[in-house]
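Both complexes below contain chain A, partnered by chain B and then by chain C.
Entry: the complex of A and B
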């Protein structure tokens, strides 16, 4: 089995082919679902797909930079729920008298960015692996937001923030445009800034990058801060879409984000893949979920399918097979 | 500066690392005893131990995985699935539902292990993925709801809530699990191999140890113990639910690390996990006692986890910390 996999995925030509595999999967998926249920291709359904892809896309943008580093951020749900909590409690709501409008959005994104920076600083200063740090930070964030919300749901009454989900521009909800803006920002950061290059270099080989003059600690802290920023934007979008914030607003988001990044073809070892891959990954995950609903498959199975997709995607990326020690 | 290095080298000594948690536990007991004399006797002690039992069984499973240098993030999903299977099957199968539920844990533990070693996926991603698979299956079986164990099924679960000579059966089960795990780690070939793999994988490999098999067994044990914990939890609450154990992942991992088992593997054991689980339980009770909001508990556990990892981790083992 192992030799078969190696044979299947080795060689330059196949390597090139492999880069397009996620795109091929996406196209085939769309074709199959359309054949099974032509409703899929209707504009109304496609808008629905775009709408449900908005939050995962924004989240996955942040996660991409972390995975490119070869690290992982498990604090997605914590950071996101803190952002949702802050925006709901500071904007007009049914729990207190605050009404800071769009300042609440800024505060929410700032709070989430701080949480990301905290993860980055903690792991570089204490020198502990990112998955342990962010596991702790995940529950710190979650505990904080549940505590502040008092364990109940608080409704968001600010009409302009709610407009992110309800107002449409060119027949797409504003949330989709925000997600596209986040995507553009991520593209610019990855391909046109020094920081983006440094992230790729660190993921490709940390010791070599350090010898070449990259400051690994600083880049890592910035990357986690940047991820926190994207999680914050996603938290605000989720609060606007749901119209409230509660303890479970971020449930399952970590999973969807990791699936999207990995299925898109970004290697868990770091240094390979990127934001464009993740866009394809998010579309695969969202369209599959949408297709399963159209085909009448129990939505509860979605996580199962996503889990199997992570395993399959990681298994098919060849570079892992050369690794001696995997922990 | 010299003092700092001294303290550091003191912490690095494994003997001291093993003694700190025990000292902390004794200190906590003294504090609780002073704050509320007689708290740790009779019924309240039995309640404390019963509440610790499930956490301890879960944590013991993870201990096996952490000892080999991995991590299992799927235990809460496996435990929840076991609770759902038990609740679903009790009416039709009676007592036989117990082994079926526990075997499901064994199966998914094996799956995690095989995915991890065969496909060379890092354990935290492999178990994150299998955890998702399991959570989806649990939701599907339970149709997204909590299943109450009705009167007919409760005949078979009542024994778990009873006491033998004043000691709750749950506590006895936990002690049995702890003892067996202790013996496995100390006196079987697999146990010794586990420590060797955790201490240095390439050295263990060179010494002719079947590293892959050792790892798969560790994950299988973790899954099985998670399922046992889920079954006990379901019996105690008379209900199974796809999110029953979701709140237990962090305390379980925290119990292992706080007890003094290093996240880098090769150092630690079940005894330390027992101490860690008791610390977590007493801290939890202490927090409600002092008046810390129950919702804020996770904040403290998260911080404790990070702190404990920072103290116990063996940095010489990881060249590049990612």
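Entry: the complex of A and C
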């Protein structure tokens, strides 16, 4: 615990301020919404917030590692829809006779992990930038899953998988606990493993890291595989929550994941920030959305606000004025 | 202990970066390696550290042949390198940097024991006697402290390699202050009982102070080997620079006296922290060369005239007008052209064509009614290709396909097209072969004949003296000497060196 707390708190005052700025924003946001509509702090609403944060949190865990590398993974929606498709088609459903139960969940996560590994291999072997690789993989995944679903929605009939969304433990849906487990796993990987450190090192300077004996290709492939794993878990959660899989199950998830990571304070240039930042980012994004619904703001305005937020977050997160070239 | 025999390495066919080099590093000694830029020092270090593989020749360690496939292989044999550009990751902590790539020794069941790593890092830093917080972010350390961390990082090899180390220090002092250098040298001396060092620098006095033996390199070869105690700085310099002045080489016969019009005039010019009280003038057609070691302030001075670093003290007049240049764009509008040393990074947009690069600074010559006249742009470029004998198929050739010399000509053509009357040449011949250098010299003579005022920084004193009408020598941010260098009355290098150090 000590080491990553010092990482957050060490440093000059401005950096310290920056590290806690997202947290301050989160607190202020909660206060404002509570004043405007006290229903916000009702336990029932907070559980709703937690429930709607589950999928974005799991996705953003994967995205955090990629952005720490200084790369981007646009294949979120492709990988997620593949996972949702696999779990629905292999577990009990209304389209075919399969009924593999929890093996379907494992297969779904494995499929999504493979997609991530594929993105990583394409980048390192063919030297294609992550932006283009994952843009392609996004559409490959999406096309594949819509095709397999036959262009329509397939219902998930396996009661135990549906239970992820419907069963509650300590009054929170299981999906929330799964997301928290994903968060804990991400914390351990980022702050307590070699791999986590090497991701930061690559984001800080790939050539220097390589000179020090880090294998950048391997780290990159693993990172995209890990991201695929988290996207797969999120896909399963989404299918359980929706009770089906369809062509639009992953719509808008890429934007939500990137926004959460960036709003949390992880730098797009790589090497700065991390999983803890992302937790705060996810909460900001989810609570803002929840708050705007409570206040009865038009969904289109909500979307506009989210767009403004991501630009503001990037503007505030870095010493951008010192950047010479912006592309 | 570590020996290299007959090492050759060539990057461009026909020219050798290293040509049949023999050197030997004995136990517990500091070996100095000196030479001008391009003499092959850095290439040799990269061969020793496994990042470059030699084309021919052998390395031996304790008499056994040694093949280094990469830097990890060198590390496994106890050879560590402290790089010229600092090679620490600024977003990681000190401890994380020291053990980057070696975390496995602190890992159990996949989890890294940070406390153990912090402890080990503290021990490493204690070995070299410095007190640095191992949990601090590296970006918050001073340059000197980072250098110590790099040294500590190199010394971690002691733990994994069961033999005396060889530590390669590639120009470690270039960013350090005098007192920091003293600290570094004290550490190196105290570590000599456990390791051998190779110390590369272009500052002769430092090399002589720290080294036991000194190798001098020139044009890719080792040309001399001395006991450091038995040789003086000027003697080494003579060997390092080598040939006497070739008046022919620098087209001295074409050097004509400058005109009377003063193009650049500086009075009490200064930038706090870099240089101060600098007075000089450049007349039309005059080449003014500035000599000085790294840190003398000459780089910053030229950058001030080029608009990259605005001056903070004194006055600067360009063509009689008092100016303070706060951007390169302003300098361009005052007809100052800057030819940077890093052609690839600062000088040319590599994927654009010759024509597009030539008109980059000023498109107005090839504009017609608000649009680019491509025909005219090509004609301008074709004209320059002929005049400067740029070896290229045509004006549409991408600049990245040109050789270094031809790229440099494109940069020169750009500023001529933009109508620059003052040119700053920042190491104009760096990385060029002899033939290409001569062509650049000839062109500089032509420009000066046309009344262009030129401020020159050069890699070698020889070139500075050969090309300039006036040589200014800078040391510690001040001009310490001025030499008239009219054709046939060139000053001696030894006089310049005396004023430099």
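Here, the second predicted complex is superposed on the first by the 313 of 327 C-alpha atoms of A that agree within 3 Å, B and C clash if a C-alpha of one lies under 4 Å from a C-alpha of the other, contacts with A are read in each partner's own complex, and residues count from 1 in each chain.
The criterion applied here is as follows: a residue touches a chain if its C-beta (ideal position, glycine included) is under 8 Å from a C-beta of that chain, and two chains touch if they have at least 3 such contacts.
Everything quoted here is computed from the prediction, not taken from an experiment.
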Partner chain(s) touched by A:310 [first = chain B, second = chain C, both, neither]: first
Which superposed partner A:226 touches (first chain B, second chain C, both, neither): neither
Partner chain in contact with A:200 - chain B first, chain C second, else both or neither: second
Which superposed partner A:85 touches (first chain B, second chain C, both, neither): neither
Contacts of A:282 with chain B and chain C, given as first, second, both or neither: neither
Partner with the higher number of touched chain A residues, chain C or chain B: B
Contacts of A:212 with chain B and chain C, given as first, second, both or neither: second
Which of chain B and chain C A:236 touches, first, second, both or neither: neither
Those residues of chain A which chain B touches in one complex and chain C touches in the other: 2
Complex contacts: residues of chain B adjacent to chain A: 69-71, 73, 115-126, 128-137, 139-140, 143-144, 201-202, 250, 253, 263, 265, 293, 295-303, 305-306, 309-310, 313, 315, 318-322
Touching residues on chain A, where the partner in the complex is chain B: 1-2, 69-72, 74, 122-123, 126-133, 135-140, 142-144, 146-147, 150-151, 206-207, 254-255, 258-259, 262, 268, 270, 298, 300-308, 310-311, 314-315, 320-321, 323-327
Of all residues in chain A, those that touch chain C in their complex: 2-3, 6-7, 10-12, 188, 192-194, 197, 200-201, 203-205, 208-209, 211-214, 271-272
Complex contacts: residues of chain C adjacent to chain A: 51, 71-72, 75, 83, 87-93, 96, 100-104, 107, 110-112, 114-115, 118, 135-137, 140, 153
